[in-house]
Amino acid sequence: MLIAKVVGTVVATRKDEKLEGVKFLLCKQLDVEARPTGGYVVTVDSVGAGLGEVILFATGSSARQTKVTENRPVDAVIMAIVDTWEVDGVVKYQKVE
Amino acid sequence: MLIAKVVGTVVATRKDEKLEGVKFLLCKQLDVEARPTGGYVVTVDSVGAGLGEVILFATGSSARQTKVTENRPVDAVIMAIVDTWEVDGVVKYQKVE
Amino acid sequence: MLIAKVVGTVVATRKDEKLEGVKFLLCKQLDVEARPTGGYVVTVDSVGAGLGEVILFATGSSARQTKVTENRPVDAVIMAIVDTWEVDGVVKYQKVE
Amino acid sequence: MLIAKVVGTVVATRKDEKLEGVKFLLCKQLDVEARPTGGYVVTVDSVGAGLGEVILFATGSSARQTKVTENRPVDAVIMAIVDTWEVDGVVKYQKVE
Amino acid sequence: MLIAKVVGTVVATRKDEKLEGVKFLLCKQLDVEARPTGGYVVTVDSVGAGLGEVILFATGSSARQTKVTENRPVDAVIMAIVDTWEVDGVVKYQKVE
């Protein structure tokens, strides 16, 4: 999994029939210091993530192992919302409630 | 998923028997600012995308989760046509009807 | 899928038992302008591609969706021979018969 | 597989229902000389790895081939703790007990 | 598949239960000119490759299509030992017996 921040929504009216009702969240990838890497990913959300939240996403066939994404043409899923992480004992990110 | 723009067609008369009748669309990948990244992908289309449209594509085994691509040697599928997206509240792309 | 050119053969006498009789083609990857990217891939061929031909290849589990590669430890397959492609109406490659 | 060092934990209270009780370990990737590459990966642990340990991780669908990760939206798993490795006869890393 | 050279062994006493008895070979990736790319991969061997040999490896779910790797958390397998390859008729590597 990698860490990313939800920064927006991708609106797509016309999509594969298996994707009816599915929303796409645009996420900017973060490095271990919580800085943007310049990369992004468009994800489907299985946990109710909101704009500005930092999340974990899984890719490939693993992205289809949630109820929301099962058997669907989806290769990236948000499967957790990050509260905090640390590197060598130093907190790099802390969610603000 | 990633965002890309359909820029052309790849014509291939000789192909695997499972690909009879399948069309290949050439797409240039876009970044979150809607600028070309320099990367490309050849896709199969499940939604009727046309030249110049901005689309979402899924890769890997997830690319085989549509009727058009099921059980076929295809690793990238267009599964949505993008209407618009925004980053931190700023619209980065808006489809022209 | 990505576009590549067949440039040679990789000879391997000793290989996994599931690969008996399988030939490996060495391909240089091309960009949308039909220029080599510097990358390469070793593929198994499902369509009878020859040296010098420009092809499409699929990777990952999708590479096992042909008769030649089914259930085999193969992660890249040539599934089409390219005749031509264009970008924004300009022909970038045309096969010479 | 690639080699990485466990440097911390990612805490995520809200996650997909299939991930209840699963812990996420943050790992920095190492090159063959045991130097950090700058890359990282968030993993699920199947072997009881601890902070500071050097590990092997597997990605993609292979990451779901352990009891801990089976059928879960997880794309990277720690499947071994590294004791030592060498390159051309020179030891590059040796675990300190 | 990609080409790599076996340069060492990764010793891991503690590993997932499905990996009992499995050995890990460290391989440096080669480009089409048989030069190291700087990249590496840790593989499981299905063909009896030895130190110094040049091999082909497959990744992802395809890496689990051998008897040695079936159903195991392994994402890279050596499935062939390379004898020779050529690019545009020029031999780039020849195994020394």
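Order as written gives the chain letters A, B, C, D and E; numbering starts at 1 within each chain.
One rule holds in what follows: a contact is a pair of C-beta atoms (placed from the backbone, for glycine too) under 8 Å apart; a residue touches a chain by one contact, two chains touch by 3 or more.
The structure displayed is predicted, hence computed values, not measured ones.
Chemist: Hey, how far apart are subunit A and subunit E in touch steps, shortest way?
Modeler: Each step joins two touching chains, and the minimum needed here is 2.
Chemist: Could you grab the centroid distance between subunit A and subunit D? Build each centroid from C-alpha atoms only and quote it in angstrom.
Modeler: Result: the chain centres lie 20 Å from each other.
Chemist: By the touch rule stated above, which residues of subunit D touch at least two different other chains?
Modeler: Where subunit D meets two or more other chains at a single residue, that happens at 59-61, 63.
Chemist: Beginning with subunit C and continuing through subunit E, what order do the ring chains follow?
Modeler: C, E, D, A, B
Chemist: Going by the contact rule set out above, which residues of subunit E touch subunit C in the complex?
Modeler: Going through subunit E, the ones touching subunit C are 1-3, 31-32, 46-48, 56, 58-63, 65-67, 69, 77, 79-89, 92.
Chemist: Give the list of subunit E residues in touch with subunit D in this complex.
Modeler: Within the complex, subunit E touches subunit D at residues 7-19, 24, 26, 28, 40-43, 59-61, 63-64, 71-76.
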